[in-house]
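Residue numbering begins at 1 within each chain, and the chains themselves are lettered A, B, C and D in the order written.
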Amino acid sequence: MLLKALREEVLEANLELVRRGVVVFTFGNVSGISREEGLVAIKPSGVPYDELTVEQIVVTDLDANIRDTNLRPSSDLATHLELYKAFENIGGVAHTHSEFATAWAQARRPIPCFGTTHADYFHGDVPVTPDMTAEEIAGDYEKATGEVIVRTFSDRDPDATPGVLVASHGPFCWGRDAMDAVHNAVILDYIARMATHTVAANAQTGPVANALLDKHFFRKHGPGSYYGQTRR
Amino acid sequence: MLLKALREEVLEANLELVRRGVVVFTFGNVSGISREEGLVAIKPSGVPYDELTVEQIVVTDLDANIRDTNLRPSSDLATHLELYKAFENIGGVAHTHSEFATAWAQARRPIPCFGTTHADYFHGDVPVTPDMTAEEIAGDYEKATGEVIVRTFSDRDPDATPGVLVASHGPFCWGRDAMDAVHNAVILDYIARMATHTVAANAQTGPVANALLDKHFFRKHGPGSYYGQTRR
Amino acid sequence: MLLKALREEVLEANLELVRRGVVVFTFGNVSGISREEGLVAIKPSGVPYDELTVEQIVVTDLDANIRDTNLRPSSDLATHLELYKAFENIGGVAHTHSEFATAWAQARRPIPCFGTTHADYFHGDVPVTPDMTAEEIAGDYEKATGEVIVRTFSDRDPDATPGVLVASHGPFCWGRDAMDAVHNAVILDYIARMATHTVAANAQTGPVANALLDKHFFRKHGPGSYYGQTRR
Amino acid sequence: MLLKALREEVLEANLELVRRGVVVFTFGNVSGISREEGLVAIKPSGVPYDELTVEQIVVTDLDANIRDTNLRPSSDLATHLELYKAFENIGGVAHTHSEFATAWAQARRPIPCFGTTHADYFHGDVPVTPDMTAEEIAGDYEKATGEVIVRTFSDRDPDATPGVLVASHGPFCWGRDAMDAVHNAVILDYIARMATHTVAANAQTGPVANALLDKHFFRKHGPGSYYGQTRR
């Protein structure tokens, strides 16, 4: 079997979406990439999670040519491919319709960085893409979805903001690998959930101070980080 | 036993309501129809879900004559029958008092199509029926409930809008068969849940653009659909 | 053991509170009464639910004299006793600090009858008691809590409104027996939960029409009821 | 093994955080202190809860010198130490990013004492710390977090208010021992959750009367308490 380890990881990451409660039915999909081989493994379209097997994970190249199954890939494959092509450090992509992150995407409101939970993962607000044009929607829609995400990051570092809200649609997240992308998708929904309650408790509250944003983000990321056991 | 397969499916669909968390106690009921035989199978009234057996599923004709049990059918039977008579493509009906869909029914506010999760299932807003008159309520109330739903769809295609909010009451959904009706009932509650959070995040947000609505609905429905494995 | 059957029922009803998710830690208590013997069985004070045994259920008379254990009864006993003395048809009382019913009690806002789920159980709004005076609080507080509930029902039928919100405190519910009281406590929290979402979706929504209120309440209660299997 | 009993209790208290649903992933940490030995046991940094063992619990003195493991302590250790030094009656500290308490911390709004559930545990509102200065954040940040908490309690009794909301961050709670601190952290989230719903039901609602606040707090705390079985 082609890329067995990557497919196993992608299978596991898709199942983690279910275990973490961020998908219902067949919504949501996760992929992972082998940068050396230029191949992507992704969930097949419309297969129930509890029937999903490693053989069913679809492998394609970066031009969406299917390499090793008879199944159709997730209909969002083209979006994932645009992200892999544009964001060169990422190894996995996760898309969900999770309850609260999707609600903010539907509200077309960036999630302000209201606290340190958010700042631990996202160095600033979680952006919303602009609305897609009727031409983009009518054309190669899923590819255009990837392009509008990439444009949203023209002046942002995707490694410091590992996710986005696609307007009127839902979140796409990414990470070092497929499981890390899922981790960020779960965190994003938790951040969105707390942001909803924050606004309910005080509609006028503002984002964290920049000093606190930097402190928390760089406590966990980059050369000066000191969270976890990795440096000992 | 009359219509054993249909009754088994209806039993299973009723239990799926419980598994998906959209009913409490004995609220809610699901039915399925055999169009060839003109017979409907429906949950009995007031029986706890964990005691429900296939023998207890009540079979009636379209005039509500009971055919094969000693139990009384769900008190909402007459509503189901009106829907089967008016919406000729449907094979199942599900009624719940699910938390968020019921809240929007109580708010007497149609659920705007705020995003693609909604557009994947409902081609536009989820409508609310007009209030029923005192005469309708005092008369054959459950039949009148069906009639007010049918009137609400006088200028809508029930196949493109597989559910409705009965004002001050709750949702009725339908589908290809009983299980599909339950699927739509679960989705409707999820859509209503996200709509609640969407409004909380941004009270001024509007519905999706028509281009996006059409794209998502027809990606999953009709001759041009390309979601899932069915076309391979 | 005195009143073994009643104590078993009260134990089971207390455990049902936990299973239905309407209590945390040791909050909440349920009692039942034997009208013939004039004796009440109630949860002991502060005992964790998972350690509770039938022997620990405390039996008292209507003057709070303990009859058959060494444990102290729930500190809310005196409130329960006032309700048994004033509401002669009731056989059980349940008190919780459930999430949404308590929130409306804290908001000191009666829960309007927004829909038929509510109307199936409560014939009109769920009332809030007036604030208690400093004298009532400083005196025999739990007894005074019962008295303020009874005063709130001076012009209401407790059989048609099987629960109340004690201002700044939480709900007390009652019913035919201890388990029925718990059932009403669970329903009340569900009603309060949906009312919260209803107001969020439409702050201006009003209560159901009287015709619908009567229809649903009397569909389930009284001589003309036709819900469930009981009349066949 | 040094302080085996304390480490076991701290392990158990950390796991209780997970069981009670107030942490996701590795967020959150609990410690306990041996006042006689001047030693603190705390969760190691970034270790997943389901892999945590008693050997991994880190023991340090009050100057943060590690005494009996190779693992790094929670990055919030310095905050815990400040609390142990300033609040001499406490035996345990719990920090979470629980959903609702964190939301109020992010809203920078003290939680008003809206009802008796709150008054049973906190004798008045749950305070929010002032924002930390850029200097405090850039310096010994975790120690400064402890200091800003202690300053917030310069005119409050920490034994009557067993927790605080650190602005734009989240709650810290304390108690007699590690498990009691966790208990207070769970209660605080429940209080914050109900406060959110209370404000949604009635934005103008005020806190409980002082008589009721005193009654409930002192019913459970201090020489006149009469809740539970302890006095028999």
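Definition applied: a contact is a pair of C-beta atoms (placed from the backbone, for glycine too) under 8 Å apart; a residue touches a chain by one contact, two chains touch by 3 or more.
For clarity, every value in this text was computed on a predicted model and none was experimentally measured.
Novice: Out of curiosity, which chains are bumping into both chain B and chain C?
Specialist: Joint contacts: the list comes back empty.
Novice: Determine how many degrees of rotation, between 0 and 180 and to the nearest 5, align the Cα atoms of chain A with the equivalent atoms in chain B.
Specialist: For the C-alpha superposition of chain A onto chain B, the angle is 90 degrees.
Novice: Counting residue numbers used by both copies over all numbers at the interface, does the chain C-chain D contact come out same (over half shared) or different (under half)?
Specialist: Since fewer than half of the residue numbers are used by both chains, the interface counts as different.
Novice: Could you give the separation in Å between the centres of chain C and chain D, each centre being the mean of its C-alpha atoms?
Specialist: 33
Novice: Whole-Å distance, chain B centre to chain D centre, using C-alpha means?
Specialist: Centre-to-centre distance between chain B and chain D: 46 Å.
Novice: Mark out which residues of chain A touch at least two other chains, giving numbers and ranges.
Specialist: Answer for chain A, listing residues that touch two or more other chains: 195-196, 199-200.
Novice: Can you list the residues on chain A that touch chain B in the complex?
Specialist: So the residues of chain A touching chain B come out as 24-25, 27, 44-47, 70-72, 75, 97, 99-100, 102-109, 131-132, 134, 137-138, 141, 168-170, 195-196, 199-200.
Novice: Looking at the complex, which residues from chain A come into contact with chain D?
Specialist: Per the stated touch rule, the residues are 114-117, 183, 186-187, 190, 193-202, 205, 208-209, 211-212, 215, 219, 226-232.
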